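Take a look at the structures below.
You will see subunit A twice below: alongside subunit B first, and alongside subunit C after that.
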Partner chain A sequence: MCSIGDDGTEHMEPVAFTELYQSVCRKCSEVKAQVVLQSKFAYCRTCFLSMVSHKYRSTLGKSKVMKHGDKVLVAFSGNDSSVCLLDMIQSAKDDGKKKKINTEMVIVFIDERPVKGGDEQDITSISESIKAYEFPKYYCPLDSMYEIPAPIPLDEAPGLAISNESIEECLQNCKSRTSAIDLLKKVRHRLLYLLAKDLGCNKIFLPETNDDSAVNIISNIALGRGDQLPLDVGFMDDRRGDIVFLRPLCEISKKEVAFYNAFKKLDPIVLPSVIDKVRTGDSIQSLTENFITNIGVTFPSTVHTIVATGTKLLVDRENSHGVCGLCEATISTNDDPLSSAKATELSSRMSALGDKSADTSTSETVNYGRCSSANDCCSKRCKPTPSLCYSCLLIAKDFESTETWPPAVRRSIDEESSLEAMRMKIEDYLL
Partner chain B sequence: MNTEQLNFTVEFSGGAELLFNKEKTHQVCFPSVEEWTIGKLLIWLRDNKLTERPELFMQGDTVRPGILVLVNDTDWELLDQLNYKIARGDSITFISTLHGG
Partner chain C sequence: MPVKCRSGCGRNAILKRPKTGDSLCKECFFCAFETEVHHTITEGRLFKKGMTVAIAASGGKDSTVLAHVMKTLNERYDYGLRLVLLSIDEGITGYRDDSLNTVKRNQEDYGMDLKILSYEDLYGWTMDKIVAQIGKRNNCTFCGVFRRQALDRGAAIQNVDALATGHNADDIAETVIMNVMRGDVARLSRCTAAISASYFLPQESEGAIPRVKPLKYSYEKEIVMYAYFKRLVYFSTECIYAPNAYRGHARAFLKDLEKIRPSAIMDIIHSGEQMKVRESVNKQVRGICTQCGFVSSQELCKACTLLEGLNKGMPKLGIGKTSKVKKALSTIAADQVSHTTFLRKISINFLFKKVFWSTIPRWSTVYLKTANKTVQFYY
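Presenting the complex of A and B:
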């Protein structure tokens, strides 16, 4: 807790904007400032642009993950941060002065528009907006997850009708908006992974900013994804092994992105998404975003504090077994009695017991999501549950059945389940 | 150009245009007998141009947190914010940084 003000002597003063009125750039101290960051740091246009592009390069540079000959898939949605990311990639390439790592870039636009919500002009304007970039460009609708995902060259895409019926129907069957958003995100990542494989890429760039990271940290903890947090919010997500997801904008804020685009006259395009057609109302993700943005008004360092804390966490790879069929993170076997999985499990046991004596001491510890005890109580009531991590299981609970999920996802859930069953069978024979 | 009039441009970007009939650029023309500040402009935009839920654009008498305001490419935090007096030919941009979810 913050101790300032507890003794009544000191108070945190709100930032007074009059101090900033017509101020000069804090870096060059010459030119009139044009942008203020965190309500206190004023920059002129030139210093601001060089500071932001330096952040992008230093994020990639200090990570030391980029190697000569890497082939990178750049996920492009048309929104402000993806427009900014593309421009930074191009500027870094054009800059002759700096030492460079030779990489190949491929742009992939994933069409997420709902069937009756798109405009014929949408794809044409997307295509026009990135015409200047000489990277190969591809198009792929979300629904290709129901077939074999194959990228189509973007130039051939404008004439195509929107074909996202299956995913739209799937998401509409979800009982909560929170789960629908979470499922869509996992499906999108899976699609990007499959496309990267198809295109021979070994890295994927996601245009996520540090504001996105802050929202993801808080909402993922609320969703029970605490043990996968470092993968979901850090710079690098290497859960899949062969292809890694990178977030080169993870040290840049949304405000920096917006001003970068405004100064460089880049025009983002916001398209409707299948998620707009899902039941309205609030989701944990949007409530978290509002919450963090609102505190940010009075406490401008909120996002930085959350991200600085959240990104220091590490994945506990030792205490895990198996892989979740949906999000592909390892499933934690941490027997901490205070984890949310254990709390949910206890709660459902208590409800199942009904009026009978609620003696928690008799409850055996079982791995959540699996039925390991062979006694009557369990084998009769539970059907074997699929191999999913705690929070993906919560998503599955919001669906009548997982039959409407993309076949590729269902297949990998089945595969993981049978692997897990086999592992449990031979467990006793292993030394 | 009529000297009696106050002409300026209002632009929406980053998703804010979805609240204003998906139009990114609006040419605005006011009789300049009275003084126009951004504060007054916000109320006028809300009452005359907004086509979607007002709470997604405004909170109290100012813009909702997460919507940035630029006057001629300058952050309004460096100007008088709501009290900034709009001059002829100004370009006022509203950029939404909110994802929505």
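Presenting the complex of A and C:
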């Protein structure tokens, strides 16, 4: 049956493009406009810059999470939005307004370059480009996740050889690009967390824009991370407790960032990444990005609507147990006898059993990720029950084994698993 | 060399399951597909013994397979259901008249009662006439809203206890994505349910008939596969009036995702099931339309609004924002409103607030006290 309009009316209309050529700034109504946002709002250069930097400050201000004496780690990658973020931090510091919250900033650059093809010149260009900022700057390669992560002052970095062999090998072993990207993202976040701990920071700034959020929402839904959405895309990610991740650019669009950089003459530097070499082709993340970008042309409000939907969601901490060893979000429990996870489990079991035992299979309780019964699928594959969330389990499925994963991640998976095993033993006595 | 069936039954595999990627033989695939639908029905407690269930039949693949599987499972597992078919004739020449022939064939094959309701009889308008008036854009809004209510009315006429629709996993996943993209939080939190939430409406209102989706975890590709190997003939022409760009994008996107990672559809449904909406967000309260008595979140339901617009020569009326509609409607004098096309008028007025529905066991009789009367209904 045609399901169009089944779920209500769809009043999504493509926008009519109005002629804004040679129009005047909508704010000051004096100067000729230089940039048009959302195909309808025209701004002059000055008003545009003040509007964008006001968005940054109001995002931080209204959240009320910044306190006096906070030490913030700023994740800097050299791309558009991180260049923009640094400039905004600097200009917020420079302007002489009263009642400013005194915070300390530390810039950290994470080196993701592959061993072959990442060339020495680039690090120098990175350190040159942010020379003007007086914050302490640090450098750390991704591979330090395989040892004990320690930040190195950025000035000493240009002499070092690229040492990302282990992570590169790990990602090469992955069967799909989607999982490789997802794993890399989780590893990068954990590295930032460990570095922040090392440097004594209690906050981390991530340069993610409004558009990044929209793409993350849709791709995370497609990856099965619906329950963690508020953490992965909202302004604040407090899943780790002591150190929170903040996204101060989450109300600023990619276009605004690009114009901000152009007007302020800031140049982004994009370095090659280990991920470039892993199974080139489409991934869920890249497909989503194309999808959102394309639909944004005819329906410019889509990004805003998606982000607004994201802010209305909530992490359900009550119906959860344990923590995922990889992404460190809580693993939600689902007591509903009918759920997608259980249906998927049933499907793979039905394919394995065939038409022999159709009747017995439905009566058994299905419990994904954990072994409830001793049937052969469980006893073979997951020796100690891996403590991973639904979506991280999908990543793990694309690897032969998790042996090549960074030791810190493996250790925390083991820790969480044994905690979970303990919990299950004493479950009946827990209140 | 032929591949053996994954289940180890010894037969040669003839297909690769889109959902799991396993190679299966025909028998094992049928068994897997049917058992999974059975699982959805039993675990989701979709039906009770002795119920009469209407299957919304369009003649398309989903409803054809649904009718076949429902009949098979009903006999095999002794659900004790009486199954009937319900079709809606939208009045689209060259599309619906052809597909209705398929439905009539199903009726003969399965020996089920069939009821066909037409937009013409219910509303006095066929889709052909509506499109002639408003053009091809937005016509899906009319068709969708009218169909929703027409199915409710048909189910009431046939006096059934539940209405089964052929929504498959792809449809549900698409709806999850669409609701996020449109910011429809209220629908987002209920679109993944296997049973519609209309249980808590009073029994005497036609809107009380629950809708169930037995195929909600079945992949579209597997439905086609099932139909192909069972040699079920269905009608597979696209509607001639369906140029809905926005949903089209979402559908194409979903197909691309499925190609990269076949489990993506189930993963999206998983996400949809797990997402929790903040308490403070204003969600719509379901009530009933003051004019026709069917389910509505507004005082006047969408179908009545659209119909009123059509009859008043203001067809764009119901398409925009609800607040604008209210404003426009208040200018129409009350005596001009025509009631002739509605089956019956119901005037029960109470608010469904602060009732903890989740604590009430399913299928129990509930007595709800309002200011001046007590209403009895099934939950």
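Throughout what follows, the second predicted complex is superposed on the first by the 384 of 431 C-alpha atoms of A that agree within 3 Å, B and C clash if a C-alpha of one lies under 4 Å from a C-alpha of the other, contacts with A are read in each partner's own complex, and residues count from 1 in each chain.
Heads up, the rule we're going with is that a contact is a pair of C-beta atoms (placed from the backbone, for glycine too) under 8 Å apart; a residue touches a chain by one contact, two chains touch by 3 or more.
As the structure is a computational prediction, the values presented were derived from the model and not from experiment.
Of the two partner chains placed by superposition, only subunit C is touched by A:391; subunit B is not. By the touch criterion defined above, A:332 lies against subunit C but remains apart from subunit B after alignment on the C-alpha atoms of chain A.
Contact with neither subunit B nor subunit C is seen for A:145 once the two complexes are overlaid on the shared chain.
In the superposition on chain A, A:294 contacts both subunit B and subunit C.
Number of subunit A residues touched is higher for C, counting subunit B against subunit C. In the superposition on chain A, A:283 contacts both subunit B and subunit C.
Of the two partner chains placed around the shared chain by superposition, subunit B is the only one that A:259 touches, whereas subunit C remains out of contact.
Contacts of A:39 after superposition on the shared chain: subunit B is touched, whereas subunit C is not.
Once both structures are placed on chain A, subunit A residues 283, 294 are touched by subunit B and, in the other complex, by subunit C.
On the subunit B side of its complex with subunit A, the touching residues are 13-15, 17-18, 65-66, 68, 70, 73-75, 77-81, 93, 95, 97-101. Note for the complex: subunit A touches subunit C at residues 1-12, 14, 176, 178, 217-218, 220-227, 229, 282-284, 287-288, 291, 294-295, 298-299, 302, 305-306, 308-310, 312-316, 332, 334, 336-344, 346-348, 350-356, 358, 361-362, 390-391, 394. Those residues of subunit A that touch subunit B in the complex are listed here as 17, 20-23, 33-36, 39, 42, 45, 79-80, 181, 211-212, 215, 254-255, 257-259, 261-263, 267-268, 270, 275, 283, 285-286, 289-290, 293-294, 296-297. Interface of subunit C with subunit A (complex): residues 5-9, 17, 19-20, 22, 24-25, 27-28, 30-32, 34-36, 38-40, 42-44, 56, 58, 60, 62-63, 138, 140-145, 147-148, 165-167, 171, 174-185, 187-188, 191-192, 194, 217, 239, 242, 244-247, 249, 253, 256-257, 260-261, 263-264, 266-279, 281, 302, 318-321.
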